[in-house]
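Across the two complexes that follow, subunit A remains constant while its partner is subunit B and subsequently subunit C.
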Partner chain A sequence: MFQPLLNIINYSRKVGTTVKLNYRLLIGKSIARLSPHRFYTNVVEPGNSEIDLNNLTEQLHSVYEQPLIHRLKLDHPVHMEPREVWLDSLSQVEPLRLGLVQLHPEVFSTAPRLDILAKCAEWQRWYRYINYDKVPSPGEIQKGGRKPWPQKGTGRARHGSRRSVLWKGGGHRKGPRGPTSYFYELSAEERALGLRVALSLKLAQNDLFIVDSLDIPFADRQLLIDLYSVRDWGPSVLYVGDTPESLSPAMEEALYSLKASIFMPLSGLNVYSMLKYDTLVLSLDCIDNLQQRLLYYKYRIYRNSSIRDYELELINSVFSLQTLAEKHPSD
Partner chain B sequence: MYREIGKIIRKLPRVTLTNIREFEEAYKKKQKRGRGATRGRASGRGRQGLQHHGNLKPLGYMGGDNPTYIKVPKYLEFYRDMDHRRQYIPISLHRIQYLMDQGRLNPDQTVDLTTLVNVRGTTVFPAERQYGVQLVGRGTDIFQTRLNLEVQWVDGEDTIAAIERLGGVVTTGWYDITSLYWLVDPLGMFRHGSPIPRRTLPPYDAAEYYASPLNRGYLASTAEILEARRELASRRGYSLRDEGLARQWLEERKHRRQIYYGLEPGWIVNVKDRVILKPNHNELHDYYNT
Partner chain C sequence: MFRHLVGVSSPLLPAPRRQITYDATTGKESTHRNLFPRKLTLPRDAFTPKRARFGEFDYVDILGTGERRIVDNVKGPAWLRGFRSSNEFRTLLRRRNMSSGTMDWVQFNNMQKRVKYLYRKLNFKRSHKYGW
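Let's look at the complex of A and B:
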């Protein structure tokens, strides 16, 4: 436990400043039972007698005595077990295995449907693409209404307009005609499946990591660079949090200068980005929401408009987290 | 299975945008209309020739006489009673055990065709003269649940023994096509606002089947079926346990006019207002329940 402290001392900028090891920001309801310790250390030359390192390591030890297990609250098929992943932290360079996170098997271990990934990535590329090429037809070109010279007698070829396809400066019959949209819909079920497959592949290929919060001790890109090299995270890293506010200001500043690392809120999670970025880092606060929404799109049965609302409610109540009794407490 | 797949995937190259591909059907050129030699202008008659200019007769045409393929009748034995023939969709004990292992079927409740269709264990199309589900014996060696099961046909003694050996109960019941529509899609039928119909009795060629305790038919009495269970057990060499529960289940079998457990024929179920309307008049009650 000696190590973490020394690392942070090494990354300090100025001797004499106080570095707050902000363990209070190990947020998440699963960690609420920890008392909020705040560890301060004066950044000094090594060998200073003011720091009682032994005492601090003991304190650190007591904090991490209990492993933190973020359990799966959703139902899963009986024959599939939840997948377990380390709960880590960005508060230091070395991996700090705080505990475990249980992940739903139908979201994080689906079959490796590469064709679905291809479909989703292609859809993402094409559905919002508009080709603005437009070439005027002969009728759209200014002038050209008058016959340039009489039909007979001039010795020249016969023509009806100066802007026909035959002429230089004339229009085109078969050119691109105006803004063309390539919009098409991919059903919500297919897109949700694409997300599930991408998450499963990231987990299977050791590219998925879960952190307690997207916060680093201080805004320093070198911290992240060294973190990547120690933990073997790829050159490009995608951070995902529940909301835009999940990203702390320190982290935001550090990421600003790192071109290959970006943050997106959960609503921005998409197949293309997951395939583009080598490593996927999920914040703990977005796990529950993510799994619940993806499973909803897997299990909802009827999307047919001929099914009435009350029937739909009855059917989907079997697969929703809230039973009908909870929804209508008066009945 | 997915754990094994995961172990393999871990060693393969990282899946990126350059590694993924759709199935080949997506990359094949789609045939479009109006691209052939005649550019869609020849009304489908091709280019020149007798096909284009002339009056080409259909195959089998005999100059106006009754063609052979119409004149000669079909071999009657193959087609006799074709409209009255019935199909029963097979469902194996293996499949039922699989559904229970997945947690889709609950053995604490009676399993009938409505339950099986709701959990998507099977699909039945009454429109195609499928009169329900037949229990098939694949999986007798791995079946290990005590279950109260209602089907429309059972393929033989082995299957019945496989269930009863574990203390379960299997029953066969006749559902005519109208009742089957109700059985298979309850919500869709409740929406019509008509009362739950009564089941008819089986036709002449099935009456004996459903009246016989050897097939565990629903028209056989509880006593007959219990006797048949004991006889089968002694012949096969297993002992029946907890006959009390089996007797209770047999007495809870559906009435011969009843389609759903807990609902009687003649009732109107209003899903929207969560209300059931029951007929008052004696005549109606007698009609629906006898």
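Let's look at the complex of A and C:
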């Protein structure tokens, strides 16, 4: 069980230097709770070891801080309790449960409105589509202005142009005319509801995972492949972070070589991708922003003649787009 | 099973010597030759760089800062971004207003002819119930 560490002690390297741990050492269950940023160990003289092998697990536990609980700062209806999810990390292959995350029930456990999901996915497919079919009309074809032969005298039928609808090579009267667009808009409320339904279905079907940060110890795609097989993550995985900078360069390099794993910022999240990818992995920094925005579009009210200004301000201030940091400065 | 998703490019599968058909009643391979074979094609790759990111930034006005619009996601002619009409006359007028300066004479003339024709047709010749 502790043989990997013995191997490091027996290295023929200079005492006092640091040695990089191979990620495969982290698969063992004995090393269950390592801090994600400590992948280096000191080389020590054999016999004169500072590591006490008997109480190794206790020493490792002491390195580890208290479990992290990310509490819900938004109000929720009284009859619905916040949903709780493990806070994982990508620092090792086996699941490292660092703590809990509380999720808003109206965002992550709504009713399964499959009709809204279909509507949103259909909209995403069609609103950008432009059909470029075009067939020329008789007036758009060159060489059609002159009368080909006189009206009378020749034995042939009477014609006025060589490019009319009757002729081969002529135009068409009722064909598709020019690029046509299929653009239309879905209201923000409907699209926000679609996102909420998709997130709640991902959670209900055990396809949603939350990660403290999108950091990985080595830029190695084999690490992620082992991780997927151990944790039973599907062949296609979607990583979501708050900004494009939340993705570390090592993770970016590992994802570049993987086929069906991509990263999206929070502004790129959408219903079509959540239906396409099997697992969804959210990083912790995007959870607050996501929930706040989706609830704003559920509860906001437009001006109505019967509502007064101060009432409208009160109602819209509950889930306003003011950042949580400004609202809760003490936290 | 997921070899084609894990990064290895899908190799060209060896083509079978004959197209395999199955008996409708028993479900087993039948020995009869198919006289009307269908062309064998490989399944299309669902995770090319373009298909993997389909739909990204479609909800950017909800989840973003508010600077980017949905209409910016539409790629196409400038007079059709965020515009839809089943009436060809309206699209041609919009195109004339927006991009007549960058058209060549032949293109512009054909468009003008079409605009005149449609104006007369819609306003003096045919009623709206015929779909124009």
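What we mean here is this: the second predicted complex is superposed on the first by the 244 of 331 C-alpha atoms of A that agree within 3 Å, B and C clash if a C-alpha of one lies under 4 Å from a C-alpha of the other, contacts with A are read in each partner's own complex, and residues count from 1 in each chain.
Quick note on the criterion: a residue touches a chain if its C-beta (ideal position, glycine included) is under 8 Å from a C-beta of that chain, and two chains touch if they have at least 3 such contacts.
This one's a predicted model, so the numbers in the text were calculated from it and none came from an experiment.
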Query raised in the report: When the two structures are overlaid on chain A, which partner does A:Ile262 contact: first (subunit B), second (subunit C), both, or neither?
Result: second
Report task. Identify the partner contact of A:Val78: answer first if only subunit B is touched, second if only subunit C is, both if each is, neither if none is. Result -> first
Query - Partner with the higher number of touched subunit A residues, subunit C or subunit B - result: C
Query raised in the report: If you stack the two complexes on chain A, which partner ends up touching A:Lys119: first (subunit B), second (subunit C), both, or neither?
Result: first
Requested in this report: Quick one: classify A:Thr110 as touching subunit B (first), subunit C (second), both or neither.
Outcome: first
**Report entry** subunit B versus subunit C as contact partner of A:Tyr272, first or second or both or neither
**Finding:** both
Report task. Please indicate which partner A:Ile130 is in contact with in the superposed arrangement: first for subunit B, second for subunit C, both, or neither. Result -> second
Query raised in the report: Which residues form the common part of the subunit A surface touched by subunit B and by subunit C?
Result: 272, 276
Report task. Using the touch rule from the top, collect the residues of subunit A that touch subunit C in their complex. Result -> 124, 127-128, 130, 137, 139-140, 177-185, 188, 191-192, 195, 221, 225, 235-236, 257-260, 262, 264, 266-273, 276, 289-290, 293-294, 297
Report summary line: Residue set of subunit A touching subunit B in the complex reads 77-80, 105, 109-112, 114-115, 117-119, 121-122, 201, 203-207, 272, 275-276, 278, 308, 310-311, 314-315, 331
Report summary line: Listed in rising order, subunit B residues that touch subunit A in their complex are 2-3, 5-6, 9-10, 12, 14-17, 19-23, 26, 101-103, 187, 191, 271-272, 274
Report task. In the complex, go through subunit C and note every residue touching subunit A. Result -> 2, 4-7, 46-47, 52-65, 68, 70, 73-77, 80-84, 88, 91-92, 110, 113-114, 117
